[in-house]
Amino acid sequence: METLKDAFDFSDFSRIERIILVLFSIFLLVFPWLGFGSFVKTVMIYFLLFSLFGMGWNTIGGYGGQVELGKAQYVGIGAYTVALLMVWWRIPFWVSMPIGVLIAIGYSFIIGYPLFRLKGHYFAIATICTSLVLQDIFINWKLVGAAKGIELPIRDHPDFLYMQFKSDTYYFYFIMALFYAALFYMNWFRKSRLGYQLRMIKDDEEAAESLGIDARWCKIKAYSIASAFVAVGGGFLAVYNLYIDPYSVMDLDLSIKIALMAMLGGAASMWGPIIGAAFLIPLDRFLGSWLGAQKGLIGVDFMIYAAMIMAVSAYQPRGIWGIIEQFRKRGA
Amino acid sequence: MVSSTIFAAEKEIKIGVIYPLSGALATIGRDLQRAAELTADELVNNKNPNVDTLMAKWGGIPSLGGAKIKLIFADSRGEPDRGADLAKRLILDDKVVGLMGAYQSAVTKTVSAVAERYGIPMINDSSTSPDLTRRGFKWFWRTTPHDEYFDKDLFELLKGLTEGKVKGVKTVPKDQLKNLTYACENTEWGSSVAKDLERFAKEYGFNIVKGLLYSANAPDLTSEAQAVVAAKPDSMLFASYLSDSILMIRTLKGMKASPHLFWGQDAGFEMADFPRMLGADTNGVLTRTVFIAKLAKVKKVAGQINELYKKKYGDDLTGATARSVVGVQTWAYVLNRAASTDPKALQKACNEIDIPGYELVMPWDGIKFDATGQNIKGRGLIGQYQWKEGKAELEIIYPFDLASANMIYPFPGWK
Amino acid sequence: MGEGGGRKLPAMIILDAILQGILMGLLFALVALGLTIIFGVMDIVNFAHGEFLMIGMYAAYWTSLLLHVDPLVTLPASAVVGMLLGLASYYWLVKYLIRGPMIAQLFGTFGLMLFLRYLAQFLFGTDYRIIQKGLLVGKSLSLGPFILDWTKLSTAVLSLLAFLLVYYLLHRTKLGKALRATALNKEAAAYMGIRTDRMNAFAWMIGGGTVGIAGGLLVNFWYVYPTVGLLFLMIAFASVAMGGFGSIKGAFFAGIIIGMIEMLFPVFGHLIGWDFLGPQFKFTVVYFAYFIIVVLRPQGLFGWKR
Amino acid sequence: MAFLQVIDLVKDFGGVVANNHISFDIDQGEIIGLIGPNGAGKTTLFNCIVGYHKPDSGKVIFKGKEITGLKPFMTNREGIGRTFQLTKVTAGMTILENVMVGAFCRTDHRPVARNQASDLLAFLRLEGVKEFHLNELPIASQKKVGLARALATEPKLLMLDEVASGLNPKETEEMVDLIKRIHQEMKITLFLIEHVMEVVMPISQRVIVLDSGEKIAEGLPKEIVKNERVIKAYLGEKYAKGL
């Protein structure tokens, strides 16, 4: 009960923030009916998906302050579970997705236990390595389609059980639902005991230990929460693209992108991951489609993209949200 | 992107083309785009006196009142999910009547899945994964032969050698060819090639002494090369993209390997950069492909179209680029037969179409799709790089009736 | 027939693999050297390191192509380019990054990596470029059953020299001592009147220089294209972390270890007849080995700071 | 049965012996001072008891239960709280949140934790700075926050590491009677490392003296200040006369 109250209670945010949140929600609700083209729609879908990823990463990476660069492996686990169960035994999405999440959580505990012996850069690189190892295994593992990847059978009629629709509108509302679930969860999480303890660990791990906090265990818990979030997104990717292969769902780039969303938007803040995604995804997609096909401009879109990343991380390490707050303080 | 008004829809027919125009495969993507544009402009939309195809006399699609084909290019960056998005954009926003592309099989999978969902025909010009036409899709057709054809061709060539069918080579006793090794990169393409090789080797009574998959563009292939050499094969077979193919040759050269036969399954071995970079080292290397400039000798049209391309961009057509030429040609024919841009009509046209071989740049018997959407009249080539006065010429070795030069056998090795 | 005499003997194969492994490993070590120096001095992991390598390769490639000189002669060129690159990225980017937390630093350099990579793509296109002729290109030396590329041999030797040079620089010269002081304790160094800012820049200069040289050597037997860096970045990461961040010795040995794993693993799989453990896993094993090592010894093999 | 027993404890940092066979007892409700010159191994001793270091040999027994080598968070759960010489000043969490974290290790409910924290801050006269961040406070208050955090975990034994160092006389005075109040009103046994004599001598009932890793004396403050070894090792003659 109290939990729910916390989850829906945004009262500790400033008035403006709450107003913007409401307006934004209304916008999302009516978005599909504003007559945007399908390209904009897909961009929106990816924006929501990556804010979901980002929020997940934020638990361990933001509040916990652990630089975690291996999330792609959990996207992979989520996506592959959904795809394989559907191909092998025709198991519907609504069953396979939770299974995927459970597997992801289990795996995250197995990996997390040794992983959190490490700190700082050793930890960061190690997370990358674990993800790469899993990717290589999947690339060569015949049973899961190896490098071929897996195609989900297309059903002739739209099918809610298997989350197959013709129009992106349905996918949009589905991912939007997930997005809000994540949002409310995070709103609870940041006020939860674990949330406080993680922030303490981030501030001063030694002191945290002296306050009866089992730092390693807290990190592992946060890590598996993050993994669960990401696995959900992975499952969505599988049914959305109807094709997955280790290169697209388990790649290092994906891991980094996920962390980048949260970090660039503002790690350890409620809105950070969302802002980050709202900034990076459209930038990437639109630049790509405008400049990508232009002859003689190959690579320019990436250069702009990269320049933005450098600029933000150099100017304000706390990301875009940091910049916003900075100006607010000045204003106040 | 031009917004689609009714008027535009009548006068120009939009075909969406998805290629990897940026990212790691940008070079090949650029060439494919050039070839497609060239075909649309100079073979379909405008009359072209110095090419002897019926199509070149059209100047637009006849049955649609001379409507022009407009190709709308989109850049997949070689990412499957991006490909899917672009396919949606092309279908819903740009209102294209059909799709073409997308080079990498992985991207083609997602793109064709979208096309299938929206009931828009997609003609695939250049993806060779056999699976693509085994998915029971109703809106997917493929003009190029797939890897199985090519891998079979190799063993036909080997058989030919043992039967003295090959131009300029005396009959070779089978025990000099019996032992094969292969090294394929462990992408979807490489691994399926490996599977075919195993199968056909049994069928044709050859014996694979060592076969290995290796991780694509690894920083070093020494151990792989050693494994291959250590098996002392008569023939070495490879499926590698450009980076690996070059590295592999370099490494093997370093080890003074000298098999009797050295065959590469397209991709790296067939790209223009390959001979450009390795020069004399390519002498005697065989590669499977679908187009070789030398075809001009035996097929006039091929020469003429190749000239057009060479005049404009300096390079000869390669297997890849020639395939995208055929892709556009096929689209023109399909549209002409359907005499409408309605998907159902196009679907029907695709299923019924039968393009005569003499219309195509390729040495094929023509284009006719079977129930799965695979073109059954296509055929592959095997070429051999031959080092003549300071430049590597790609000569046709197989099919035997098209042979453009004597085959260099056995593989001369490296100095 | 496939040559190379008595390769049948397992002992021979293994010995050969070890040899090749050491050669390759020395190259990996050289690539890792710059990374570990930079980290040692200012606790920052440079994601763009692979791109530095790539630029060094292009530098060597173009100079040898345009001036028609042997690729080996162009080493100074690529070294200088590497140094300039290091300095530029320090003064224009890293200087501002170090104020932020580790993650901001990582992503700052990550941005740099993307930027350089696609700048290269923009300038040179994605075509693969490789040096056709050179003193050593394509030549190889056969010692009985063993055949070693001259290019790799020379690389190994020069890499050894580079290590000795850097070691001398850090342990014998005044500058090096100042650098190590900075590495050990910034504040203390600052009190001692060392200008740590200069030292950081200096570290980036050496780092860039060494990796530039690595690029110049690499281009002798390796083709260059805009995304080539990524291949080596992960290996460099693994070797630096395995050896212990900031430890020169560590980078050296870890590099060699990785080289050996990479060569021995497939041979091993082949010898015990487990062909499913083929070469496709050789780098998987490297990453896995790294993971195991740091979990057992969280400072890496020779680590002296966390 | 002593409350805390340290038996023959040894800690050796690669040749440098920081604690050499140290034994002592603390009874419930006492205030014990631990003094000694810099580098005498005081903080190391704390760390060995609380679990930041694993002693090389010897035992630590708390409330009759051996806790040797337990991790800090475990010893804390056993009922030992500690503060640090320097509180790491961060801009991360507010003062209230800092203290709440402490409270959270006894309760799951945020309201409960919040109330406990506020009460504590009131007790320490810090309610004014609830919403500030550590880096915005003067040293004295930072130390108090450290204290509050530790108290929030409801320790039975509280180990204070130089709470008064770096404070001006007035603040020191405050700190002293704060410590007294904690001892009397909360019934917590105190074990404090101190440099500042004005703090340790008046309040502690017994004093333990370390010098270069050895325990050289133990007893009532007045005895200690008379003990030659101590005087030699540590105190100036003047102070001995002073008392």
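Per-chain residue numbering starts at 1, and chain names A, B, C and D are given in the order in which the chains are listed.
The rule we apply is simple: contacts are C-beta pairs under 8 Å (C-beta built on N, C-alpha and C of every residue); 3 or more make two chains touch, one makes a residue touch a chain.
Just so it is clear, the structure is predicted and the values come from calculations on it, not from any experiment.
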{"item": "More contacts between chains, A-C or A-B", "value": "A-C"}
{"item": "Chain of greatest Cα-centre distance to chain C", "value": "D"}
{"item": "Chain centre separation in whole Å, for chain B relative to chain A (CA means)", "value": "38"}
{"item": "Chain centre separation in whole Å, for chain D relative to chain C (CA means)", "value": "49"}
{"item": "Centroid distance [mean C-alpha coordinates] between chain D and chain B, Å", "value": "77"}
{"item": "Mean-CA-position distance for chain C and chain A (Å)", "value": "32"}
{"item": "Multi-partner residues of chain A (each touching 2 or more other chains)", "value": "136, 139-140, 298-299, 302"}
{"item": "Per-residue multi-chain contacts in chain D, two or more chains", "value": "none"}
{"item": "Touching two or more other chains - residues of chain C", "value": "121, 125-126, 280-281, 283"}
{"item": "Pairwise chain contacts, counting only pairs that touch as defined", "value": "A-B, A-C, A-D, B-C"}
{"item": "Chain C-touching residues of chain B, taken from the complex the two chains share", "value": "22-27, 186, 212-215, 217-220, 222-224, 226-233, 242-243, 246-247, 250, 253-259, 273, 277, 279, 281, 414"}
{"item": "Partner chain A, residues of chain D touching it in the complex", "value": "50, 52, 71-73, 76-77, 81-82, 84, 87-88, 90, 92-93, 97-98, 100-102, 104-105, 108-111, 113, 146, 149-150, 152-153"}
{"item": "Touching residues (chain side chain A, partner chain D) in the complex", "value": "2, 6, 191-193, 196-197, 199-200, 202-204, 206-215"}
{"item": "Complex contacts: residues of chain C adjacent to chain B", "value": "1-4, 7-8, 13, 16-17, 20, 24, 121, 125-130, 132, 138, 140, 142, 147, 149, 221-223, 225, 227, 231-232, 235, 262-263, 265-267, 270, 275, 278-283"}
{"item": "Chain B - residues contacting chain A, complex", "value": "21-22, 26, 30, 33, 73-75, 77, 79-82, 84-86, 88-89, 91-93, 106, 109-110, 113, 116-118, 129, 131, 135, 186-188, 190-192, 213, 215"}
